[in-house]
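Here subunit A shows up in two complexes: once beside subunit B, once beside subunit C.
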Partner chain A sequence: MVSSVPDTSISTTGSSSSAAIKNSPNYSNVVFLKQLGEQVFQQNMKKINAEFLTITYGSLVKVLIDHYKDDVEKCNQKLKEMGKNIGSRLIDDFYSKVTTQIPRCNNLKDLGNTLSLVAFKLYLNCVPKFLFDEEEKIIKLRFDNDINIFSKFVELPDEYKNKRLYYSNIIAGIIEGALSGIALKSDVIYFSDTLLGDPFSEIHIANVKRIKDEVPMGQ
Partner chain B sequence: MVKVYSFWIFDKHCNCIYGFEYDSIKQKVHKVETDNHDMIAKSKILYGLVFSLTSLTTRYYYSNKITNESDDSLFPQKSNFRKITTGLYTVHTFKTETGLIFALLADLESGDSMDIELQYIYRQIYMNNVGLNPLAPLDYAETETEAKGKGFRQIKNDNFDKELYNFLEPLL
Partner chain C sequence: MELNNEVSNKTLLNSPIPKNEDASNVVPIEQQPLTVDYIFENLIFHETIISVVSLYSEETIQYNPTNQLLKYYKLNENIQENIIKTLQQMGTSIGKKLSLDFNNNSTMTHLQIIKHICKEVYHKIFGRQIDSLKTNHQGIFYLLDKQLLANSSIDFDKSLENYNPSESQKQIKCLELYPNFVAAVLGGYLDRSVTFTMENRVITYIIKY
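Then we have the complex of A and B:
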């Protein structure tokens, strides 16, 4: 599956984030998820070369831009759509890889921790910082220090910067597709990107709602 | 020696997307297909059994909440039933997080659980041939009208058939 070679990626634990995690009440859960991510990543995941993935993705985005004749809005949409298709397949793979070891999510914080510590670790070998907005119920995943593997080697021309091309928008789609696979409807947006000159890259997951289980006719 | 009578997969739209039954007298396999009304009727009855037992077990589930932080509207606690035994056979089921249900009818010697076999079918055979196949349909109910148990599409995949038969053949 899509995951990078360990030695080409950047180290995952920031000292600032671990201090924040220690103060949170579900500290033991976070530590467990972190170990689980490490362990499954080492044992069950197939690895491919990170540069190969980066350049394949880059040429994909280039083809899309050419196809839509520089219409950046459509490119963003299409990337997200492709991500959704990937995500709804990947969620089955995720559960078959982590097997039954993964603890049940109780609330949105657990969901965010699982996403960043296990899901991102397994598939992209990076751990984004997880922040939770209590009032708005928004899960924020922040990528520090360019750990996002897709945007390595990339420098956007001014033309696309002004039109706001979200280069790694496929990740937002993957998250949305994966959550819809486990009956959670959500709005995932790529909030900001360092490639566009913003101070950090952030993905926001908002409006998480449960889709009701279908019942057969006549029930 | 465990003997397997039939095997079924249901998707989250309550449709049977795969199923076969082994007829030991005629040495023949009956598959769920659009024109095989007998098997379709059987699949509907089996889904009804699984569905009503799951809702029953979930209703009588007493949650042992430790913290007040759990959000039941988003992440409801569920208790899926694993098996049901009759005088002649046992129905083993395995429900995945994504809503697929794998069901296996075996004789009484199958014992406590066939979880290992069912999970092997899900993790190795189903995932490698159907789940991760980019050309397999994402959803077997293509329109709204095919949801809620009214769908008619099935998994058509020769490699999946072959690997599944190879795995289950010693048990048939």
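Then we have the complex of A and C:
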């Protein structure tokens, strides 16, 4: 599919994205983003084997559980805070690598497509499926078949399954921190996880709002 | 008996075909090694150390710098020891898990094992080889790393109000957390204790046989 599309699509999508029709999905944009993600991933020369990352993350979660004495909610919170710290720095790196080629996001669908096709491909080498809830305006990112690198070879004991420990909750924090770096306020929730016995693992991004530059009172 | 033989023959004939399909399905998965971006991996590495520090300094301190690592040097000595202990425990367990792939042959000399660490194990952690390797040919190896702490962000806090030039030497103490962690990883990989020294932000790991 991707190879059949000629390279000239780059020039066409730049103009078409500005005049996007609201209701119909912009297929050329999706194909272009898929191409862009793979291109950026291959150009990126600094890549590392993921083994060390998964092992350090696992031992970190173990340390957190030991320290908080099985209080799972604090654990989830702490992981999300860590993610925010990482995401607010990661967004700068993302723009330095991608921004000259990327089209502007006009609506929430474009935002979800760029997140799943470019950002996840670049940093985690996996592409979650993107679903959009039109009524409540929620962006859903669904991970199929253990694509998620963090929880690839992980099994949780039954204690933490009942208490709902979201093992890879750091991803939700990273997305929230990264969106706050480009003046978008959002609530990111780790909705369900296959490690806990749910049929699929999903991340929900809701209440996306633009933060406006406001002049303080009295000036 | 004959029927059974026929049935078994049929199953044998049928069985290789799905096996081949399975094999063809497995191969592309193996061809893609799990790779992650270098900067993303490095950010998580720094964030783990900072979060371990913040676990022990939640209630005790009002000092809140932009770089959370600086909290470390204002803590009590007992808490500092606890932080280093947890980091070392994490490091040794990580090193042991990394070493599961490594077949320690008896034919390998000490020098070959150390070269394997410099080239491949260090590449797994930081995406580059170690800077230089020195020996005295009597069983002591010095591994030098000049890049890890060269651009550390501790100096950026000099613009803060809390900054005193007299404390800058104490603040360098915070940087000891990184080599403590990495030395524990290498020690867990080799099953022996690895020590280190730090001078002018150049780390030397010392391995004795």
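Throughout what follows, the second predicted complex is superposed on the first by the 187 of 219 C-alpha atoms of A that agree within 3 Å, B and C clash if a C-alpha of one lies under 4 Å from a C-alpha of the other, contacts with A are read in each partner's own complex, and residues count from 1 in each chain.
One rule holds for everything that comes next: contacts are C-beta pairs under 8 Å (C-beta built on N, C-alpha and C of every residue); 3 or more make two chains touch, one makes a residue touch a chain.
Everything quoted here is computed from the prediction, not taken from an experiment.
Asker: After superposition on the shared chain, which partner residues are touched by A:Ser59: those of subunit B (first), subunit C (second), both, or neither?
Answerer: Only subunit C; A:Ser59 stays clear of subunit B.
Asker: So in the superposed three-chain picture, is A:Asn85 touching just subunit B, just subunit C, both, or none of them (first/second/both/neither)?
Answerer: Touch partners of A:Asn85: subunit B and subunit C.
Asker: Between subunit B and subunit C, whom does A:Val31 touch in the aligned arrangement: first, second, both, or neither?
Answerer: neither
Asker: Which partner does A:Asn106 reach: the first (subunit B), the second (subunit C), both, or neither?
Answerer: first
Asker: Is A:Asn49 touching anything from subunit B or subunit C once the two structures are fitted on A? First, second, both or neither.
Answerer: Only subunit C; A:Asn49 stays clear of subunit B.
Asker: A:Asn125 contacts which: subunit B (first), subunit C (second), both, neither?
Answerer: second
Asker: Kindly classify A:Tyr95 by the partners it touches after superposition: subunit B alone (first), subunit C alone (second), both, or neither?
Answerer: first
Asker: Go through subunit A and flag every residue that touches subunit B in one model and subunit C in the other.
Answerer: 85, 89, 93.
Asker: Would you tell me which residues of subunit C are touching subunit A in their complex?
Answerer: Those in contact with subunit A are residues 32-41, 43-45, 47-48, 50-52, 55, 86, 90, 93-94, 97-98, 124-125, 127.
Asker: Sort out for me which residues of subunit B touch subunit A in the complex.
Answerer: Counting only subunit B, the residues touching subunit A are 12-14, 47-48, 51, 67, 69-71, 73-77, 96-100, 119, 122-123, 127, 131-132, 134, 138, 147-150.
Asker: What residues of subunit A sit close enough to touch subunit B in their complex?
Answerer: The touching residues are 85, 88-89, 91-93, 95-96, 99, 104-109, 111, 181-184, 208-210, 213-217, 219.
Asker: Spell out the part of subunit A that touches subunit C in their complex, as residue ranges.
Answerer: Residues in contact with subunit C: 44, 46-53, 55-57, 59-60, 63-64, 67, 78, 82, 85-86, 89-90, 93, 122-125, 149, 152, 170.
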